[in-house]
């Protein structure tokens, strides 16, 4: 064999290659830290602007045209009401669909259509859901821009997330568990109810919580639905008009040039919204860790 | 002051109904919005806690479209008179519309705070800056001493009465330049102009006074020397009169008759209009004129 | 066995109890049949949603094209929906959408990819455990917050360097959108890369490759379809993003390529028109649907494309 | 061969005296196009331990899972032939599988307790069959755990999660779980292959004990194990039942050459 | 034992004459807290096949992967002692592993071709070392494939994806890939364990062939294989090197009892 490899040239080249690897690994690390850096700037900016405005009056007060009087209780309650619709609807529809797809549907056309459809739905821009909600819930069903319309719109929007994550959670339940149950003479539904669902529950909950945090952070569909930032009374039911935290942020950002302080109120509201999201995500992480698979 | 005015109106309307509730829907002019929102809030705070007055601001024209439909809004704020075709539509629908003049506003031309050359312009200059086929493109076209930079123009879009007032009354229906940057939100306009040294924009005086730290205003020379827009000069016979316009709110009389809270609010609105006009950047109307309207409303 | 007696006595009992219960439980049989049906109905709701979207969009879009010609819509460069002489050319919106998405991808593409490489090939377990949640955090921030950030921080910051930049411009939201999409591209690409079997890495390393060579000559080619799919989904996300542009790019319907200027995207148009309360029945109201339909088709195609790529071009190993 | 214990030899005399629990006739099974069982004729006798041996992929597990129709969890499966359990063809389309599986318990290769407490694991079977009375359940739990020779080890921690137990304990728990619904037959698929030698011994002893009350079919890849614990042994190859006889006969005088090759380790 | 071939016996005379490629001294290796290699002293000789045998988990693969420092891919690994490769301590911190791995090729248990064409698989190594000339590459590809005894099977499909080949072909392709950068030593970790008997035979023949040009270290769980193909055999147990000698000696006269136990199948 003629040698091509073990020459001096190859050795020198190797030094360059190793150096390049080292250099670029630094670049890759920097690129990764870029995201972290932006996050830090964003938090810093929002915290310094908004923190001075956070106090009990702000959290519990009504909306006002005067910044010193303005509070976001209405938006907080609106957000909670929205969650009150989204949670049951997405859990029932999302988990139900996931169970069907994962455990009942036979491989075939229908299953294929449903599955493809769900992944397509997850790619539809949120604003299109807004238009759907505006047309069907707000106009056609004449609900107007009330909690129920907003909640249903948001539910449809996050449904694919819940379905996909629930399906993954169900799939992750080892088949030997359901086999054990079926081997004892349990019916399919008994097995699902008693074994598979409990085992998949942490995964399902995690997905549901993440979907929920998406739902309470979304703005665009609600703008389209015509959710206003008005001096509304606090929402008290499904058929009340309402506003939510992101909408409040939106309007205050827009109005910042009307009243400069609105920008700081928007920052303060962002802090509240992010705090809510952190609590939700924290819960998801706790659930994930606490109920980590023990099988 | 608040409590006294609250007590006063309590005495007036308390005789009709004990406890009012329900909602009052207001939409329309963005120009008039700050004034109307301020009064609405005061009403809910001091007068009728259980009535919810919801003030939106789609713009005068867009607002009329929501006012002139079945089960439409109760009030429509407007920064111009109702148009003939709008009145026609109201008649067709059998909606009785009552015009309530609420204050006076001066169309204000605003500049970047660093713009120190264009703080005084003639009425014609202002028109030419926005008019489609005029010779004025750069600041230096007005005066060779001005910078040789393109003038960037801004204004509210066609949803707004302010646009129509400018187009109809000031430009006398000559076309605007194609590149005028028309926006839906006044706040966007404020930002745009406040950050563009070569910019000039127009909107109601209220949006200017609220942003005086970020904006400069053009003192317009209507022939007798430059006039600064202010609550004193903005009046139907004041020095700023050519750019002064009344602003309105239109009441759906049927609604007022049907829903006691609408009527109650209408009365309250007019009784307090002059109290809040100044602080939101509007020139108040003569007291007699207002009182006459209050009496009319009470008689509905 | 002592236990045996006990067992045999209870044997009879438990067996017979089970037998008895079985005969009583016709309910069990019914629920066994009913449950799949109920679940199927629930599953069909997702299909119903799609049908709803398509139906709503198509019918109203149809009405729009009764009033405005297809040609004007798709070739017009002027969009003046509110003027006395309205013009409905969608090109300014498509232009704005493409430009903002391109800026976003310009940021998210390389940075997301490099992040994926770092996380999948270089990072220690510990670093990955810290960095991934931080990036997920970035992905979980509501877009309205990003919009606010673009408008109140990024634009003023950029204007220090580009004074002629407009206060509302497409550049700032584009960049911020890019930041928002980084985690998506990074995590999908990382998934694709880390699912390349370790045997492949070992094979390459054993030949004297550096990590860099392993990454670029073996891992990325092997994960290529997954990475492309991640990019396509990233684009799709950028195209569909609304609030960031709506807040930070204003609503000028300029047909321009100057990224320091305000432009409108399809999504921002929908927000403006719907938020500005277009009254039902007006042409501008129907234009909402035509634009949304265009947007829907666009993102749908992107998603189908992503799935096709991921499936079709999967390297076999 | 020395590993065939003496006790077994005494059984030679009992030949053909026990009744059949299962009678499999001309059983064929396909996974899609894979012909996994070919014309299997396979009787299983009461109160015996029947071992199935054969190289990997020969169809042992498949056959075992056909006996309680668990094999149908693979959607592509189809079968021909009949399997009679106590005289009834369990492959008949209207046959109620839940019923069959209640009577035919199964223990799997990897211990697979439910992620529940030890108590709930055992009580699961009785509960799904409608037994709710706490007292009866308590009794069943104890009896079953005793039956699986694990009561003493776990009686103080019945409320603890089953995954805190060792592998061997888990496997005996799974056997106890199967016992709790008092099956007639117990199927075991390589029940000790995931266990250490000590636990394996315990489970093997348990199987010998259980034989008194149940019929047991056990798949194993460990020929010594088959020789140690079973009464009859079946040797399968490529989906066919090559030879089936008393364990002693199979190991001492295999009739088929392939059986002999396999037993002497020439392949597999 | 009959499976030790005659040819081997002639080698008895050559004892200690070849030079050492590797000299491992007091090598210890930990995975975190697991002590996986304990005081290993292990010379490896030029142009020989050195086999490493031992029960699962004894550290065979770990030792092999230490020889080209691939073991460091597990982050928790740390070592003590030295391994000299041609006189240089490869465990020294500033040692350039890429250089080492260029000289020490490796073949894995499961064939792991890159998802590229056959040609590109072979050309991969030369290319990263800067060889771009198409002609030279063509030549290297052919030589390597011939060297791995697979040229005739694939010469007409060099552009096809390597995953279209059979497992045995893939394994020989991986050997060819290692040959392409002209290594000095080739490490093989159970290279035939995933292959059928026929492919195994081919690879074994190939190893015999390669020995002429390379030093080969092979891990195998198959004692017969070690006996068939290796010159020296090392027996490891629990991370220790128990015995290391000429293959014939190890199999015929093991000195350590544990080696004997293992070879005669008493455990493992």
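In order of appearance the chains are A, B, C, D and E, and numbering begins at 1 in each one.
Here is the rule we use: contacts are C-beta pairs under 8 Å (C-beta built on N, C-alpha and C of every residue); 3 or more make two chains touch, one makes a residue touch a chain.
Just so we're clear, the structure is a prediction, and the values are computed from it rather than from any experiment.
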Graph distance between chain B and chain D, where chains that touch are linked: 2
Partner chains that chain B and chain E have in common: A, C
Chains linked by the largest number of contacting C-beta pairs: A-C
CA centroid of chain A to CA centroid of chain B, Å: 41
Distance from the mean Cα position of chain E to that of chain C, given in whole angstrom: 48
Distance between the centres, which are taken as Cα means, of chain D and chain C, whole angstrom: 50
Touching two or more other chains - residue numbers and ranges from chain E: 98-99, 102, 125, 128-129, 181
Overlap residues in chain B, where contacts from two or more other chains coincide: 56, 185, 188, 191, 194
In chain C, residues with contacts to at least two other chains: 208, 210, 213, 275, 277
Pairwise chain contacts under the document criterion: A-B, A-C, A-D, A-E, B-C, C-D, C-E
Chain A - residues contacting chain D, complex: 106-107, 174-177, 179-187, 190, 194-195, 198-199, 293-295
Chain A to chain C touching residues, read off their complex: 14, 17-18, 20-21, 24-25, 27-29, 31-32, 34-36, 38-39, 41-42, 45-46, 49, 92-93, 96-97, 99-101, 104-105, 113-114, 116-121, 123-132, 134-136, 139, 156, 159-160, 163, 187-190, 210, 213-214, 216-220, 223-224, 226, 246, 249-250, 253-254, 256, 263, 266-267, 270, 273-274, 277, 281
Interface residues, chain C side, partner chain A - complex: 28, 31-32, 35-36, 38-40, 42-47, 49-50, 52-53, 56-57, 60, 110-111, 114-115, 117-119, 122-123, 131, 134-135, 137-138, 140-149, 151-153, 179, 182-183, 186, 208, 210-213, 233, 236, 239-243, 246-247, 267, 270-271, 274-275, 277, 280, 288-289, 292, 295-296, 299-300, 302-304, 307
In the complex, chain A residues that touch chain E: 1-6, 9-11, 13-15, 17-18
Contact set on chain C toward chain E in their complex: 124-125, 197, 199-210, 213, 217-218, 221-222, 315-317
